[in-house]
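Two complexes come next, and they have one chain in common, chain A, joined by chain B in the first and chain C in the second.
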Partner chain A sequence: MSTTLPSRTLRDAFPANWTVRALWLGLVLYVIYAASILQITWARFVIGLDQGGKFLGRMWPPNVQAQKVQLITEGMLESLQIAVLATAFGVLLALPLGLIAARNLTPPWASWTARALIALLRTFHPVIVAILFVKAVGFGALAGVLALVVASMGFVGKLFAEAIEEISMKQVEAVRATGAGFLSVLIMGVLPQVMARFVGFIIYQLDSNLRNSTMVGIVGGGGIGATLFTAYQRFDYDVVLTILLVIIAIIMLFEVVSTRIRKVFQ
Partner chain B sequence: MITAEVLAHSAPDGHAGASASNRDVEIRNLRKEYRAGQPVLRDVSVTIAGKGMTAIIGPSGTGKSTLIRCINRLVDPTSGQILFMGRDLATLKGADLRAARRTIGMVFQEYNLVERLSVIENLLCGRLGYMSWWRALLRRFDAADVARAFDLLEAVGLGEMATRRADALSGGQRQRVGICRAIMQNPDLILADEPTSSLDPKTSVEIMEVLEKLAAERGIPVVVNIHNVELARRFADRVIGMSKGMIVFDGPPSALEDHHLIEIYGGKGWLEG
Partner chain C sequence: MSTAVSTGITREWQRFTLGERLGRYAVYVVSAIAIIWSLRTIEVIPEFLYDAPAQTYDLFERMWPFDWRFWPTVLSGLIETLHTATLGTLMALVLAAPVALLAARNITRSVALNQLANLILVSSRSVNSLIWALLFVAIFGPGALAGTLAIAFRSIGFVGKLLGEAIEEAQKGPIEALTAAGAPPMAILLKGYWPQVEPSFWSVALFRWDINVRESAVLGLVGAGGIGVALDTATSNLYWDQAGLVLATIFTVVVLTEIVTSRIRSKII
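Let's turn to the complex of A and B:
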C-alpha cells in the first residue's frame, strides 16, 4: 500500500542548508591548502616520529641525583608560590572588575568599560605578557607573578561577570525591596547565589596558574620553567623527564585536593 | 495595641512626625508606560486606607503588579504621585528611596527568597535597610532582631527550620518565610504581589491567614494583588477591581457582584450559574 516514497515536494522536515554546507566545504579546502603550503606530509611525519623515539630513549631513566632533586625542588616551590600569589591578587582584582562588568547590576557605561578592560587583559597569551614584565621589572619571580595576575584578572573577571549575569534577579529584587543599600544587596542577594561557582573558578584558576607558572620561567619569569629550559638546552633529557614527572604529580595531587574543596562549598 | 506598636517602631525611624494613624497611600494620576504610548496604568487615582487588607483583583496583565511595584519603586512610574507618610514615593531617589523602601514590606508570588541563604538569614534580610553593609557581611545582626526573627519563625510554625537553607523548604513554607521577612522590616505597609498564585488552594488559605494575622496584630495595612476572587472576598476589607490599566470597581467585598466581575475579567462563561 505505502510502498511509494512520499513526494519531497509535499513536506521536508530537514531542508538543505546551503550556507552551512558551503562553510564546511570552505573549511575542508582551507585545511588542505594550509597543509600543502606548510609542507606537512606523511613522509615528514614519519621522520619526525623516528626522531621522537630516539629522544624518548635518551630521557629514560629519570635523573634523581640529590643535587638535581634539590634544584628541582627549589624551582617547583618557587612555581607554587608564583601560582598562589598570582591567584590571590588576580582574584582580588577580578572581583570588583567582574562585578562592574556584569550588565545586570551596573549601568552600561560602567559595564562596557570593564568589559573592554577584561578583553584587553585577555588579548595576549601569558607568555607574551611575561616577556613584557621581564623586560619591565627584570628577571625573576616578580615578573612571573605579575604576568599571571594579568591572566587571572582577565579570565576570572570574565567568568565572574558571566556568573553574576546568570543569577536570579527575583532574589536580588526582594533584597533591594527591603531598602538595603547596594553593597548589602551584593552581600545578601548576589554573593550567596554565585559563591559556589566563584570558588570553582578560583580553584580552576589556581590550577591553571600552577601550569602556567611552570612556563613563565622559560622567558625569565622565575620558577621551575627556568630549570626545565636550562635542562633542555644542556640536552639533560633525563633531568627534563624528572621535572615533567614532578609537574604531573603536583597537578594530579591538586586535582584531588580541588575536588574535595569544591564539595565543601556546594 | 495597634497604636502602641506603631509608635514603638515609628519613633526611631525618623517619621514620628507623620500621624501614625494615617498610613493611607494616596495615588494620584499614576501612569506607567513600559513602551511609549502603550500605558499599562492609565492615570489611576485611588486612596488606599492605612489599615486592614485591601485586595486588588483583575486579570493577568492588567497592571495590578505594576501598580504595587510603583509604590515601592521596583517599577518607576511614568507620571503621577504616590503620597505615603508625608512623602511622594514617585520622586524619591537614592538614600531617600531606600529609607522609604525599608518601611514597606513586600511579599512576592514566587517568594523570592535568597535560595542559598538560611531561613533565618532570609528573615534578617528584612533588617538590611537599617544596618551597614559590613555588619551584613560579618552577619553581625542586632541581637534583638535575631531574637525577633526566631520568635516570628516559631509563630509561623517554622522554628525547626531556622538554619536550614531556603531551597530545602516547600512552597507554603517559603511563603511564610517571605511574609516573615516583610514583617521583620517593621513596615508601615505590606505589599503582596499574588502571594498565593504559586500555591495549592489549601496552602493559599493558610498563607492568607498568616499574612492577615501577622499584619493585623501589628496594625500594618496590607495591599494584596490577587486574582482569586474567593480569597479576596474572604480576607479583604475592601476590593479594588482593575481592568485594562484602570480601576473599574472599588468597594467592600459584599458589594462585589457578578456584573462587576464580568466587567473586570470579561466574558461570563467562567462564572458558575
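Let's turn to the complex of A and C:
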C-alpha cells in the first residue's frame, strides 16, 4: 500500500507524447522550408500590407453608377442562367450515369466503365474544362455552361451512385418478385428510396454551380466573371468591390432559399 | 384506421399534406420557369457551334505529341503548386480555428458573435479561389504568396464550418469533469475539446488538401503562381502541345493525391 500510493499520486495526468511533438516540429520545419521555396518573406508581407491599405482605399466606396450597375446586372443574370442550365442538364445526364455506376444494380463491366467516366469528369477543375470548351465552342456563356455540366455530371453522378448503393434491396426484390421489368423496378423500388437525398444533391450542385459560374468568365466562359475580370484589368477596383458584394449577397440569399427548399422536401 | 374500416367509410390516403404538396409544386413550377427563361435568354452564337467538332478535333490533334522541352517549366510549376496547396491548407487551419470557436454555440454563448463568425465563413466560401487570387495578386503582386493566401482564405469557410460543427458535437462529460476540477479555459479547450475534435480536424484537413491541390493548379491563370502559369503561357501562345503536357501532368497529380488521401484516410481515420 505504502509503496504503490506515491507512484500513483506522482503520475502525470497528461504525459508528454514525444512522437506527437516530433510530428509538430516536422510540420513547423516544413512550413519554413515551403515558405522559402515559394519566396514568401516577412519583408514582402509587410510591403503587401502597405499595398493592401492602398488597394482597399481604392476599392471603397463601391461603385454604383447606373451604367456599371446595368453591366453588373447583365453579368449576374448570365451567371444565373449558366448555373441553372448547367445544373439542369448536368443532373439530367448524371441520373443514368449514376444509375449505371451503382454496383448493386448493374453488371460489373458497366458499373466500372461508368465509374471510370465519373472519375475522369471529376479530375479537372471547372476552369480548365472551361478553357478547353472556349477553344471548342468559342467565347461566351455556352462554354461556361458546358464546363459546369461536366462538373455537375461528375459530382452528382458520384453521389447518386453512392446513394443507390446504400438502398435496401428488400424493396427492389419485392418489386422484382412481382415480375416487374427493369424500368418498373427502378421507378417503384429504387427511386422512392433515393428521391429525398437526390433533391438535396441537386440543391447542393446548383449552389456550387452558382459559385463556379462567377469564375468561368475569367477564362472566357461568360457571366459575371468576365465583367469582374475586365473591371480588375482596368484597375476599376471600386467596381470589383460592388461585384464581390453582389456575389456574396446572392450566394447568402440562395443559402436561405435552399434551406427552405430542403424543408419542403423532407 | 380500424374505425374507418368498421364503419365502412372509405378515406383516400395521401402521403403528403396539402401544404407539403403545394410547396413541392411551387418548387417544380419555379424550377421549370427558371430553366425555360435561361434557355430562351442565354446568349449563344450559333456560328461558333457549326465548327465545334472540327475545333475539338483540331485541339486534340495539336496537343499530341507533347512538347517535352517544356517539362522543366512544368515541373517547377508543379512543385510550387503542391507547396501552395499544402501551405495554404495549413494557414487555413490556423486561421479557421478561432473562427470555428466563435461559431460553435456551445463555446461562444453569444448569438451576435456566432452570427459574425458565420458571416466570415460564408463570405470566405462565396468568393471563389480564383477571385481571392485576383485580390491578393493586386495586393502582393504576382507569385505564390498571393496563391497561398487565396487558398487559405478560400478554405477558411469550409474548414471553419466543419470544425465548428465538430466542436458543437463534442460530448459534455469530459468538459464538465475538467470544469469541476477547476481547469482554466485554455486547459478545457486543449484537454477537453481537442482530443474529441482531433480526428475530424485531421480528416477535414486532408479532405481540404485534396481539393486545394486541384484549386491551386488553376491559380496561375490569374498570375498567382504554380503550374497554372505554365498552362496560361502555353494557351496564350496557342502552344497546345505544351498545354497538353501540363494537362496530363495535372491529371496524374490529381489522381495520385486522391489515391494518397484515401489511403491515409482508411489508415488513420
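Brief remarks follow.
Assume the second predicted complex is superposed on the first by the 232 of 266 C-alpha atoms of A that agree within 3 Å, B and C clash if a C-alpha of one lies under 4 Å from a C-alpha of the other, contacts with A are read in each partner's own complex, and residues count from 1 in each chain.
In this section, a contact is a pair of C-beta atoms (placed from the backbone, for glycine too) under 8 Å apart; a residue touches a chain by one contact, two chains touch by 3 or more.
This one's a predicted model, so the numbers in the text were calculated from it and none came from an experiment.
Shared-chain residue A:Gly179: touches chain B; no touch with chain C. When the two complexes are overlaid on their common chain A, residue A:Ala116 makes contact with neither chain B nor chain C.
Touch criterion met: A:Arg44 reaches chain C, while chain B stays clear of it.
By the touch criterion stated above, A:Val64 is placed in contact with neither chain B nor chain C.
When the two complexes are overlaid on their common chain A, residue A:Ala34 makes contact with chain C while staying clear of chain B.
In the superposition on chain A, A:Ile247 makes contact with chain C only, not with chain B. Put chain B and chain C next to each other and count what each touches on chain A; the higher total goes to C.
Chain A has no residue lying at the interface with chain B in one structure and with chain C in the other. Contacts from chain A toward chain B in the complex involve residues 168, 170-171, 173-181, 183-189, 192-193, 195-196. By the touch rule above, chain C contacts chain A in their complex via residues 20, 23-24, 26-27, 34-35, 37-39, 41-45, 48-49, 52, 55-56, 59, 79-80, 83-84, 86-87, 90, 122-123, 125-128, 130-131, 134-135, 138-141, 143-145, 148, 191, 214-215, 217-218, 221-222, 225, 231, 235, 247, 250-251, 254-255.
Looking at the complex, you find that chain B touches chain A at residues 72, 74, 98-106, 108, 110, 112-117, 121, 125-133, 136-137, 178, 181, 185.
Within the complex, the chain A residues that touch chain C are 14, 27, 30-31, 34-35, 37-40, 44-45, 47-48, 51-52, 55, 77-78, 80-82, 84-85, 88, 119, 123-125, 127-128, 131-132, 135-142, 145, 211-212, 214-215, 218-219, 222, 225, 228-229, 232, 237, 240, 244, 247-248, 251-252, 255, 261, 264-265.
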